[in-house]
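In the two complexes below, chain A is the common chain; its partner is chain B in one and chain C in the other.
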Partner chain A sequence: MAQPVSQRLLGLTGKFLVVAVLGFIILPAFVVTIAAFNDKAILAFPPKEFSLRWFQNAINYRDFRLGFENGVIVMLATSIIALVVGSAFAYVIDRYRFRGRNVIEGLLLAPLVVPHFTVGLGMLIFAAQIGMTRTYTVVIVCQVILVLPFVLRSVYISLRNLDHRLELAAASLGAKPWRVLLTVTLPLLTPGLVSGWLFAAILSFNEFTAALFVTAQRTQTLPVAMYNYVREYADPTMAALSVIFIVVTATLLALANAFLGLGKVLNVEQAR
Partner chain B sequence: MDQSGPASGGAQTRPFLKLFTAPAVIVAAVFAISMLAILQFSVRAHIPGSLDVGGFTLANFAAMARPLYAWVFIDTVWLCLLTAILSLIFGYPLAYALVRSKSLFVKSFILIVTVTPLFLGEVVRTYSWTVVLGNNGFINSVLRQTGIIEQPIQLLFTVTGVTIALVHVSLPVVVVMLAAAIAHIDPAYEKAAESLGAGPVRVFLTVTLPLSGPGIVAGMTTAFAWTFSAFATPQLVGGGKVNMVSNLVYTLGFANFNFPFAAALCVAGLALTYVAIAAMRLTLRPIEKVGVH
Partner chain C sequence: MLSRPGDRQPTEQVAAEAAVRLDGVSKRFGPSVALDQAWLKVRRGEFMTLLGPSGCGKTTLLNLVAGFLAPNEGEIFIDGALVTDVPAFARQTGIVFQNYALFPHMTVANNVAYGLKARGVRKDEIRRRVAEILAMMKLSGYEERKPRELSGGQQQRVALARALVIEPKVLLLDEPFSALDKNLRASMQVEVKEIQRRLGVTTIFVTHDQSEALSLSDRIAVMSAGRICQIDTPEALYRRPADRFVASFIGEGSLLHATIEQMAGDSAIVSVGRSKIAVPAAPLSGLSTGSQVDLFVRPEHMQVGAPDTAAFEGQVAAAIYQGDHVDLYVDAPEAANGRLMMRLAAREAGGLSHAGSKVAIAILGEDAVAFPRTA
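What follows is the complex of A and B.
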């Protein structure tokens, strides 16, 4: 049955709006990709000749290499610690009420609202007071604080969706709490745990503002190295590196979506 | 997260409670201590040329009343509000399509496009915007080649440019929060309104929009807080012409080594963020309540 003209017009306007907003989100990625493959050092659109020299530059640049290595160290430590701390705590807030629960939860979720420069400055002052500036430890602890809310949330949502009867069944058959946890709960939580870990890893690898405050020359992560580069040079090396960042991040998220269902993890799926 | 799970019945058997809470307590404690460190620094005197701090003083907070600093706070709050409102307006259609689209491909595409920038970090996104907005950048090149303009339009280092980039930063999180709220609306309500003769616009305005109230409030407040937190965007796109509290904190800390004043700015900024969020919640209360059934 044909819809009235007004309704079809409404549908078209809606579609146009959606496409326009998607275009706005993609625009910078699209532009930076063109700039990255442009042979000339000066940005020009459309580019006349294409080359891969900026990609070579980006990969060979010493500070970027160092930043990448530091970033991987920080990312691995941060994501593993945040996963363990976050999922353990998600487990207890899902199941138990106890004194101090809301205070701890409030403190752990606060970094969603507290500006990153404030967390960074606070960690820097604290690290200075105990003589730990310029160490990886302060960078990692700072990143754990920042990514923990995301791990907490994604594991918590998985726990909410978990069928407790399966755990009860295992327990009634005589399985001890540890056994239930390891053989029933954890396997069922895998999608939430993997996506929580992935969120933590990507967010910590890409985090910039707080890292700028707590990293030193020796411990600077890739985004900090990139920021310093942009302040000194204006060639498209940064564009090339940005393209690599965008492609890797989008691929990881698309894989996570295909295998884990990001919609469910982010809680944006229509309730049936 | 305020409901206790079904397993909470037997208070005497609560396996893993202490073991699983302890690590979280440590992280929460470190965070609390670092916030207290800021608070403590904010009321200490700055000794020029030294990283040590002097005695107790409220001079840091008094100094913020000077027009130079007061204006940065006013500009920051204005930019945060503007960004939150624009993100809401542009984010809503996308969130709606993300939840309600019938095609799985469209859903996945919108989700990946929206979520990727969320994880990209500020530096890559901000740098990309400088390439889009610069005088020799994408927009100006296209406009010049098509003969629409002769002189480049100044977009970089302007409030307009900074606002565009800030909206781009907070849009994804607003979309995710709105989508979560829209996803939890029972379609039966909309069907009921429809069957009573309401057109699609009326159904949207009187049912869907009010029921997504909690998402609107969460999205607006988060966009405000995240924009307040932005540093690279105003620094690189604003180029010193547009300054936010974050830039002031960094300059005072790392160019002037006046960490007490930087800490005081952080304290004031944090207080301001919480006041603004509370004010937004209060203003939006009527719609937030509707969504709770």
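What follows is the complex of A and C.
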């Protein structure tokens, strides 16, 4: 190739940069994963000897089990409520033009700009007022507020990509509105709904900042339990838990990919 | 059941009713008027085309018939029954959209069966009718394909099959050919026309393509700015356009300065240059002798004449060779915008083909129409 040296240098630098950036993205997960298999009771990298004892510890630790159970309960409730509420609002915002539509859209997306600790603190004060500080309800309501924007966006984009003429064609073929909804609209929205649900579930399960405010000992979720643990101990149990986290999330995404295609679920492909 | 022509013989009383009737239907979107006082009767089995430029209201009219929109004023009848307030799903219309709007998550067979399922037709009956219509559309063997695995022409046939299998009272076609390439378009047009005639299904077809409209339609409603300008057969529209818009939208022609010489009942005599031409009086109502008008003449109705029969003289600006004929662009003061276009058989045009030649132009009297001059 008769390329000038400067060009080739530029090309090499570019490739190096891309590799470096990608490397930095996976570096934390990589380091933590390796550290999780350390035999010693310190968070060291690279480990000298390997063992699975910290995984055992993570699974058997009472607060983590409780946190995991709480997390799953909160995650399921949050993601389902957020999916229903978010989809309903997305539908209304997409299909109807009315006064105050922009205000509603703005309010629903507001949690994106309000810090999580503000939402958490607000919910805590409010919950204290009505005497509900130790309930799942307050945790779930708080998380629904936080994940709603993601569900809304996801379903809204799917609705925008849905060709309205498909519904008109179905209607002209004799399908009543509910039949159009069940046989045309919902099936074509499935990728958007799944992606919205998935975002909500993952975000809710990982959410820490607001959860720290609104959970009590009895209702604390896994990230809060992890925080409390790390304040007292500094052994590789945390790293082991992190690995479990990564594996569970990756499994969810892999399942979504297998059934629907990740491109569709993440809304990067037209749903056609 | 899909059918042989005999199946659809309506009783005489019903036959007297128009298949689709619009009585003074208007539709507004906010302040803009999409359709203004439309009156239309589509006969049973007729192929009616709504023709006009984009934004003329033709698609709005189609959506009103389908029941996708509700009119602000007026009434809509299908088969003599008032349907103005009947929802789309109960109107029994079949629609084919420009992009076909096939359900992407269903197979061809399920797309076609959709309307029958929605009507609660028995399973074996559905199977039989779907197979029948797919065979008719030359789609047998494609039952289990998804729409995206088909070519544009095949997708269109699926869309047609889906609309026709429910035996619609009226078939609505919304620019269905415009997404096809040129060769396929011509063959699909022939196919659609043939199927339409065979099934005898009343059809309303929306297009902005005048040649498509002229070749397919029994009658055409020419629309402009939310109004129906004229409803007539293709030939009548071409030969006797009711107004300036219809004249210029259908086919080609040139406007010439003319003066009314005489108004006599149904016809009027106008003079252009040294010639006098008879034209229909209807478009000129309200005008009197001496008024300035625009005479609309088709390119094939002007000839190179001997100087004594010619109406006026002009100078060739350009001659465009088109194979069997030559389009001659001539500059003359009598032409409304300074230039006219005439069409000569290739052998007559010899010797005139270079710019700057002087020509004497004679106007053949047939099918000339005059319109009031606009300010």
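By definition in this document, the second predicted complex is superposed on the first by the 238 of 272 C-alpha atoms of A that agree within 3 Å, B and C clash if a C-alpha of one lies under 4 Å from a C-alpha of the other, contacts with A are read in each partner's own complex, and residues count from 1 in each chain.
Criterion: a residue touches a chain if its C-beta (ideal position, glycine included) is under 8 Å from a C-beta of that chain, and two chains touch if they have at least 3 such contacts.
Everything numeric in this text was worked out from a predicted model, so none of it was measured.
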Side-by-side fit of chain B and chain C on chain A, or clash: fit
Chain C versus chain B, contacts on chain A by residue: B
Partner chain in contact with A:Val155 - chain B first, chain C second, else both or neither: neither
Which superposed partner A:Leu193 touches (first chain B, second chain C, both, neither): neither
Chain B versus chain C as contact partner of A:Val184, first or second or both or neither: second
Touching partner for A:Leu17 - first (chain B), second (chain C), both, neither: first
Partner chain in contact with A:Ala110 - chain B first, chain C second, else both or neither: first
First, second, both or neither for A:Val214, with chain B first and chain C second: neither
Least C-alpha distance (whole Å) that remains between chain C and chain B when both complexes are overlaid: 6
Chain B and chain C footprints on chain A, overlapping residues: 177, 271
For the chain A and chain C complex, residues of the former touching the latter: 163, 165-166, 168-177, 179, 183-184, 187-188, 271-272
Residue ranges of chain A in contact with chain B within the complex: 7, 10, 14, 17-18, 21-22, 24-29, 31-32, 34-35, 42-45, 84-86, 88-89, 91-98, 100, 102-105, 107-108, 110-119, 121-123, 125-126, 128-129, 141, 144-145, 148, 156, 159, 164, 167, 177-178, 181, 199, 202-203, 206-209, 212-213, 223, 226-227, 230, 238-239, 242, 245-246, 249-250, 253-254, 257, 262-263, 266-271
Contacting residues of chain C [partner chain A, same complex]: 66-68, 87-95, 97, 99, 101, 103-105, 114-115, 118-119, 148, 162-163, 166, 172
Residues of chain B touching chain A in the complex: 1-2, 4-8, 14-17, 19-21, 23-28, 30-35, 37-38, 41, 51, 90-91, 93-100, 107-108, 110-117, 119-125, 127-132, 134, 136-138, 141-142, 145, 168, 171-172, 176, 179-180, 183-184, 186-187, 199-201, 221-222, 225, 228-232, 236, 245-246, 249-250, 253, 259, 262-263, 266, 269-270, 273-274, 277
